[in-house]
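Each of the next two complexes has chain A plus one more chain, namely chain B in the first and chain C in the second.
Take a look at the complex of A and B:
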C-alpha cells in the first residue's frame, strides 16, 4: 500500500523531503499524475502528492511572465492567459487522451509536470522547448535543502543553469514548489497551408523548403494518409491523400501574404489547400496531443531525428514494424503507433534511429513493458556516469523518483 | 574551505611536450597574455600555455593534470570580462585557437559542427555561400567554445536567443580526461538530464569544450533598420516594451542614452539629437519587414517619438547601425587615455526605465563619465564607465558604483549579470543573488570535478 504525503506549503515539502532523506525513504513525486504513463513506474511505498501547491502567484500580462505553484493545473493557467490574448509559446501538449484512454476529457496536467517532462508541441521548431521558456523556480533538493534559481528576467548568466537541468529531470533531482515561466502574446491570426498527396520523401523536402524560407513558419507536419484519416478536420480526413501542413501565425495582412508565398513555393509538391483559424486550431491540437494515434492501446514511440531524416528512418523501419506514423517538427519528430510485439520492438527501432543520429522514447506502453524496456534512449557509459553524478549531487540518498528515468538511478 | 591545486613542475612540462611537442610555451609574455583580460582585474598568469590540435590531445593533457591535481584553464580568445581566464592557482592554460576548423555544415538540417576555437566571424565567413548564418554576436569576435562556455549573447537575442538556445550538442573533455558527447544530432534531447546546457555557461569549470554543434538560420530575405529619438527614457523603453508585447518579431532593439548619443556625434561627426534613441532591425520577407517597421513606427509615435527614419538598402542600414557598432570607441574618445569598464545588470523590462534613470542620477552624483547602452528587448543594459585603471581611487569609486547598481537591480528582481558571466569578479554578487543555490552549484562542481582542477575559483569557490 502506498502512503501519501500531501504538503500544502513549500515548508511542508521541505519537511517531507528532510524526513525521506533522513530515513532513506524514497518518494514517488506526483502532480496530478497525468503523465504517470510517461517514463518508468516508480514503485515505492511513499508518494509525495503536490496537488496542495496550487495557484497562480504572480501574473502581470505586460511583464510577459507568470509565477505559479508547482501543481497549478495547466487548464487554469491557460484560461488566465487566454483572457489576455497570451499563451505559453512552446505549446505544451495535453496528453490526457493519450494516457487516460479515449474518453478522458481533461488531462489534469500541471505546470510542474509540464516543465519536469520538458514536452513541447509543434511550435518547438520556432519557439523552442519547454525549458527555453522556463525562467526560474523554488525547489527542495533530495538533500532536503531549499534553493531557488533564475528569476523573472529573460537573460542571466549566473552560474550553472539549474533551470535547464531541472526541466526534463522528471522530478528526480529536486521537487519544484514554484515556477516562473515566459508568456507571450498569442498570434492574432493563424493559417495553415496544406499540400495534398506528397509522399514521405517529398514531404520532407517541402517542409524543409517552407522552414528555410523567410515566411516564419511556426509548425510543419506531415500526415500520411492513414494518420490524416483520424483528423476531425474534414479537409484533412476527407482528402483521401496524405496531408503536409505548414502553419503561419501573426497579424492578419502578414499572415495572408506569407500564406500566398508558401502556396507558391509548395505548389510543385501537390494540390494546395488552406485552413483558417478554427480548423488550424483543431488540426494542430490533434498533432500536439498525438490524438491521431491515441485510439486504442497501441504502443507509441516517439522518435527524435535530425529534421530532414524522419522519412528515411520510417522507410528503413518500413515493413518490419508496420503501424501508423506521422511527422512533426519538419520531419525531426516521428510518432509511431504499433501493435504489441516482444520488447516493444525497441532494438529494431533504436538501431534504425541511431543510424540517423537520433533517439527513441517509448512514449506509451503498459507498465510491465516500461519496466523491461528502457523508456529513454540508453546512454553511453560516460554519459550515464555523468548523469549519476548529477543525480548524486542533488539527491545523494536517491529519495526522489528513483528509477523514473533509468533503472537503478 | 579551499581546495588548492598543485603547481606545474618540469616533469609535467616534459610530459606535456610529449603530447603537444613544441606547441607549448612558458615564455613570460605568452603567459602574461593568457592571464590578463581587458579589465581592471588583477592578472594571474598560468604556469604554462599549451596549444593543442585535437580533442584527443586535450583529453591526454587533462588526464595528466588530473593525476597531478594541477589546474586547467581553457582559453578561447580571452575576451571575457570578469577575470574568467585568470589562473588563480597557476596551472596549465589550454589555448584552443588552433582548433579552428569547421567540421561539417548540415545545410538541410540547418546545423553546423565546429571545433571550439572557431570564432563567430570565421564561422559566418565560412557560411557565406550557404544562405545560412549564425546569429549570436557578442561585441568581441569570440571563440564559439568560449561563447558556449560563457553562455554569451548579442544584440539579436530577442529574436534568435542566446548561446543557451543555439547550442545543440557539445563534445567535452571532462575533469578526469574522459570525452563525452552530450547529445546526438537530433534536435530534441530526451535521453536524460540536459547535460548540454549544464556545460553551456559553466565557464570552463566542469570540462573543456572541444566541439560545438550549433543551430543555424536562413539569412532573411529582407532586412530593414530604423532609428528614432525620444523625448525621454521612459518613452523609449515603453516603445520597446510595447513592441515586444505586441509580438512584433523584431530582430534587434538597442537603446543609446543621451550621453552615448553625444559621444557618437563627436566621434563620427554626426548631428543626431542628443536624446535617448532606439535602433531597430527587422528580419523577414519583403512585405514583412515593411509591416514590422510600420507597426513600430506607429507605436513610437504614440509615445511621442520624433522622426522615425527607416532604411532597407544595405548601405543605408549599415550607416544607421554604425552608430551602435562604434558605440564603444565613441565612449573611449570621451576621455582619451582611459579605458572602459562595463557593468551588466539585467532587470525585468517593466523596471528598466526606472533602473536606468536611478543609475544615471547615481553616475552624475558620483562624478563618473559613463554612457549607457542597452539591449532593451531583454532588460539588459551596460554602463560604460570610463576610467584610469591606474588610479586606485577612481577604480574604487567605479567598483562602489557597480555594487550599488547590482544592489539596485537585485532589489528590482533583476540579476547582476545578463551576459558577461561570473568569472571570479562576480562571485560575491552571485551569493547575494542566489544564496542557497550556491550550495547546489558547489555540490555539482564537486561531483563533476572532485579535485577542483577545472578553472578553479570561478563561479563557485570551494
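Take a look at the complex of A and C:
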C-alpha cells in the first residue's frame, strides 16, 4: 500500500525528505502525474505529492521571467502569460493524450514536471529546450537540505549552473519547490509553409535548406503519409501525400516575406501550400504533443539524432519498425510507434541510432516493459559512473525517485 | 586575495614532475624556464600574478589524460588554461600547480553545414569558428568582446556571453557536445551533433564550471545563418531613468533586439574622445538598439523602436542607413574598455546582472559610491539582459587605490545582489568574486555546489582556490546528519 505525503509548504517538503533520508525510506516524487508513464516505474511505499505547492509567486512581463511553485499547473501559467502576449518559448509538450492512451483529456501538467523532464516542442531548434529557459530554483536535496541556485535574471554565471542539472533529472536529485524560468514575447504572427510529396530523404534536404537559410525558421517537421493522415488539419490529412512543414513567426511583414522566400527555396521538393494561424497552430500542437502517434497503446520511441541523419536512421531500421514515423526538429527528433515486440526492439533501434550518434528513449511502453528495457540510452562506463556519483552528491541514500531513470540508481 | 597555501612537497619535486611531463608531452610542450613561464603568470584579470610550477602544452586527448592521471597519483594540482583572456582570474596559476594550456588544440575537425554545427578543438578562437564558416554565410553567435583572441574551450569554461546573447543565447545555449577529461584521466563524451544529450545534463553543468570539473578537449557548437540584414538606432536620453524606461518599453512591446547596449555620460565622453563615433555629448544616457533579420522585419521594427524611443523622451535619435553607419554606431561601444583605459592608468571592470527595472536605481547607488571612494566610474550596460559593467577608474601606483577600487567594486556587486541580481553575468567568479559568493549563496547552497565538484573531482586538485571561498574536503561534504527517531512529519497531511 502506498502512503502519500502531501506537503503544503517548502518547509514540510524539507521535513518529509529529512525523515525519508533518516529512515532510508524512498519517496516517489509526483506532481499531477501526467508524465508518470515516462521513465521507469518507481515502486516504493511512499509518495511525495507536491500538488499542495501551487501558485505563481512573481511575474514581471518586462523582466521576462516568472517564478512559480513546483506544482503550478501549466494551464494556469500559460493563461497568465497569454494575457501579456508572452509564452514559454520552448513549447512544453502536453502529453496527456499520449500517456492517456489517446483520450481527449487534458493532462494537468505542472511546471515542475515540465522542467524535470526537460522536454521541448518544435521550437527547440530555435529557442532551446526547457533547460535553456530555466533560470533558478529552490529545492530540497535528498540529503534533506534546502538549497538554491541561479536567480531571476537571464544572464548569470555565478557558480555551477545547477539549473541545467536539475532540468531533466526526473526528480532523482532534489525536489524543486519553486522554479524561475524565462518567458518571452509571443510572435505577432505565425505561418507554415507546406511541401507536399517529398520522400524522407528529400524532406531532410528540404528542411536542411530551410534551416540553413536566413529565414529564421522556428520549426521544421516531416510527416510521412501514414502520420500525416492522423492530423486534424484537413490540408495535411487530406493531402494524400507526405507533408513537410516549415514554420515562421514574427511581425506580420516579416512573416509574409519569409514565407515567400521559403516557398521559392523549397518549390523543387514538391507542391507548396501555406497554413495560416489557426491551422498552423493546430498542426504544431499535434506535432509537439506527439498526437499523430498517440492513439492505441503502441510502443513509442523518441530518437534524438543529428538532424540531417533522421531519415538515414529510419531507413536503416527499414521494415523492422512496421509502425508510424514522423520527424521534428528538422529531422533531429524522430518519433516512431510500433507494435509489441521482445524487449521493445531496443537493440535494433539503438544500433541504428548509434550508427549516426544520438540517443533513443523508450517514450511509451507498459510498466513491465520499462522495467526490463533501459528507458534511457545506456551510457559509457565512465559517464555512467560519473552520473552515479552526481546522484550520490545530491541524494546519497537514494530516497528520491530511485530507479526512475536507471535501474538501481 | 588569499590562495591555497602552496604545497612545498610538490614544489620540491619539480624536477621529477618536469621529467614525467616530458615523457608524456615530447618536444617543446613542457615550459620550465622562468622567463617563459612569465607569459603565463596572469590572465585577463591583470591585478593578480603568480608563476606556475610549470606549463604543459599537450596536443592530444591522450596526453591530457596522462597528465591528469599523473597529477592525481602524485597529488599535484592542475590549472587549465585556454587563451588566458578571462577577466575573473580563473586561469591564474598556482605556484604548486601545473598549468595545462590547450593552445595546441587549434584545429577545426569538422564543418557540417547540413547539421549546422562545427566540431572543433578547444584552442580555436571564438572568431576562428565564424571565419571557418562565413564563406557559406554562417556564423557562431556568442560574441564576447575578446572574440578575436579567446578560445572556444575557455568560452565553455566561462559560459561566455557577448552583445548578441539576448537574442541568441549565451555559450551554454549554443554548445551541442564536448569531450572532457576528468581529473581521474577518464575521458567522457557528452552530447554530439544531436540537439539534446541523454541522462543528466552534464554538458550544462560543465559549461560555466570555470575549469573546476574537467579539461575540455573537443567541442561541438551550433552555427547559424547570418541574418539577412542589420540596422541600429542610436538614441540619447536626458536621464538614465528615461533610458531604462525605453529599454523596458521595447521589451514590453514584444521586441527582442539583436543587441541593446547603454552607456552613461562618462562612458559616452570617453569613447567619443577616443573613436569619434559622432555620439551626442549633451545626453546623460545613450542607447544602441540593433535589429537584425530579414529586411522587411528590420525596417518594420526600426519604425516601432523609433516611436517607442520618442515616447520615452529621447532627445537624440539617429537610424543607421548604411552598413558603415551601423558599424560607426558600434565603434564607440566596442572600444569602451580601451577608451576608458586611455583616461585612467588602471580600471576594474565589474560584471553584475540586475533586474532591468532597477537600472536607474543601481546607477544612482554607483554614483554615490563613486563619491564615497573618490574614484571615477563609467558604466556600460548590456541593457537588454540587465548585465552591467561599471568600469572603476583608479591608479595602481597611488597607495591604497587598488584596494579602494576593489572595495568599491565589491560594494557595487553587493548592491546588485540586494536588488535581486547576481554577482556575475558573463565574466565568471574566478578569484575575483570568490569571496563575495556568500552574498548570494548560503553555506548549504555552496556546499551542494561543491559536492557536485566532488563527483567530478574527488581529489580536488583541479583549479583549486577558484570560485568557492572555502575549501571543504569531499569526505566532510559527503557526511550526513540524519534525523532518525524524529516523529515523521506531524504537520504534513497524509493520505
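In the analysis below, the second predicted complex is superposed on the first by the 408 of 409 C-alpha atoms of A that agree within 3 Å, B and C clash if a C-alpha of one lies under 4 Å from a C-alpha of the other, contacts with A are read in each partner's own complex, and residues count from 1 in each chain.
One rule holds for everything that comes next: a residue touches a chain if its C-beta (ideal position, glycine included) is under 8 Å from a C-beta of that chain, and two chains touch if they have at least 3 such contacts.
Note that the coordinates shown come from a computational prediction; the quantities given were computed from them, not determined experimentally.
*Asks:* Using the overlay on chain A, decide if chain B and chain C clash or can fit next to each other.
*Replies:* When both complexes are placed onto chain A, chain B and chain C end up clashing with one another.
*Asks:* Applying the document's definition of touch, where does A:83 land relative to chain B and chain C: first, second, both, or neither?
*Replies:* The answer is neither, since A:83 touches no partner chain.
*Asks:* Output check: A:333 vs chain B and chain C. Expected answer is one of first, second, both, neither. What do you get?
*Replies:* In the superposition, A:333 touches chain B and chain C alike.
*Asks:* Is A:12 touching the first partner chain B, the second partner chain C, both, or neither of them?
*Replies:* In the superposition, A:12 touches chain C alone.
*Asks:* Going by the contact rule set out at the top, does A:208 touch chain B (first), chain C (second), both, or neither?
*Replies:* both
*Asks:* Of the two partner chains, chain B (first) and chain C (second), which one does A:254 touch, if any: first, second, both, or neither?
*Replies:* Touch status of A:254: both partners.
*Asks:* Check whether A:21 is in contact with chain B, with chain C, with both or with neither, and answer first, second, both or neither.
*Replies:* In the superposed model, A:21 contacts chain C only, not chain B.
*Asks:* Residue overlap on chain A between the chain B contact set and the chain C contact set?
*Replies:* The answer is residues 60, 62-64, 118, 124-125, 128-129, 131-132, 141, 143, 145-149, 151-162, 164-165, 167-169, 173, 184-185, 188, 208, 211-216, 250-251, 253-254, 257-258, 261, 304-309, 329, 332-333, 357-359, 361, 376-377, 379-380, 382-383, 386-387, 389-394, 405 of chain A.
*Asks:* In their shared complex, at which residues does chain C touch chain A?
*Replies:* Listed in rising order, the residues are 112-116, 137-138, 158-159, 161, 165-166, 169-170, 172-173, 182, 186-190, 192-205, 207-209, 212-213, 225-228, 248, 251-256, 293-297, 299-301, 353-357, 382, 385-387, 420-429, 433, 437, 440-442, 444-449, 451-456, 467, 478, 480, 482-486, 488-489, 491-495.
*Asks:* Sort out for me which residues of chain A touch chain B in the complex.
*Replies:* Counting only chain A, the residues touching chain B are 60, 62-65, 118, 124-125, 128-129, 131-132, 141, 143, 145-149, 151-162, 164-165, 167-169, 173, 184-185, 187-188, 208, 211-216, 250-251, 253-254, 257-258, 261, 302, 304-309, 329, 332-333, 354, 356-359, 361, 376-377, 379-380, 382-384, 386-387, 389-394, 405-406.
*Asks:* Note which residues of chain A are touching chain C in the complex, please.
*Replies:* Those residues of chain A that touch chain C are 3-8, 12, 15-16, 18-19, 21-23, 49, 52, 60-64, 85-86, 118, 120, 124-125, 128-129, 131-132, 141, 143-149, 151-165, 167-169, 173, 184-186, 188, 208, 211-216, 250-254, 256-258, 261, 304-309, 329, 332-333, 357-359, 361, 376-377, 379-380, 382-383, 385-387, 389-394, 396-397, 405.
*Asks:* Given the complex with chain A, which residues does chain B contribute to the contact?
*Replies:* Going by the criterion above, the answer is residues 106, 108-111, 131, 150-151, 153, 157, 161-162, 164-165, 174, 178-182, 184-195, 197-198, 200-202, 206, 218, 220-222, 241, 244-247, 249, 283-285, 287-288, 291, 295, 346-350, 375, 378-380, 413-422, 426, 430, 433-441, 443-448, 459-460.
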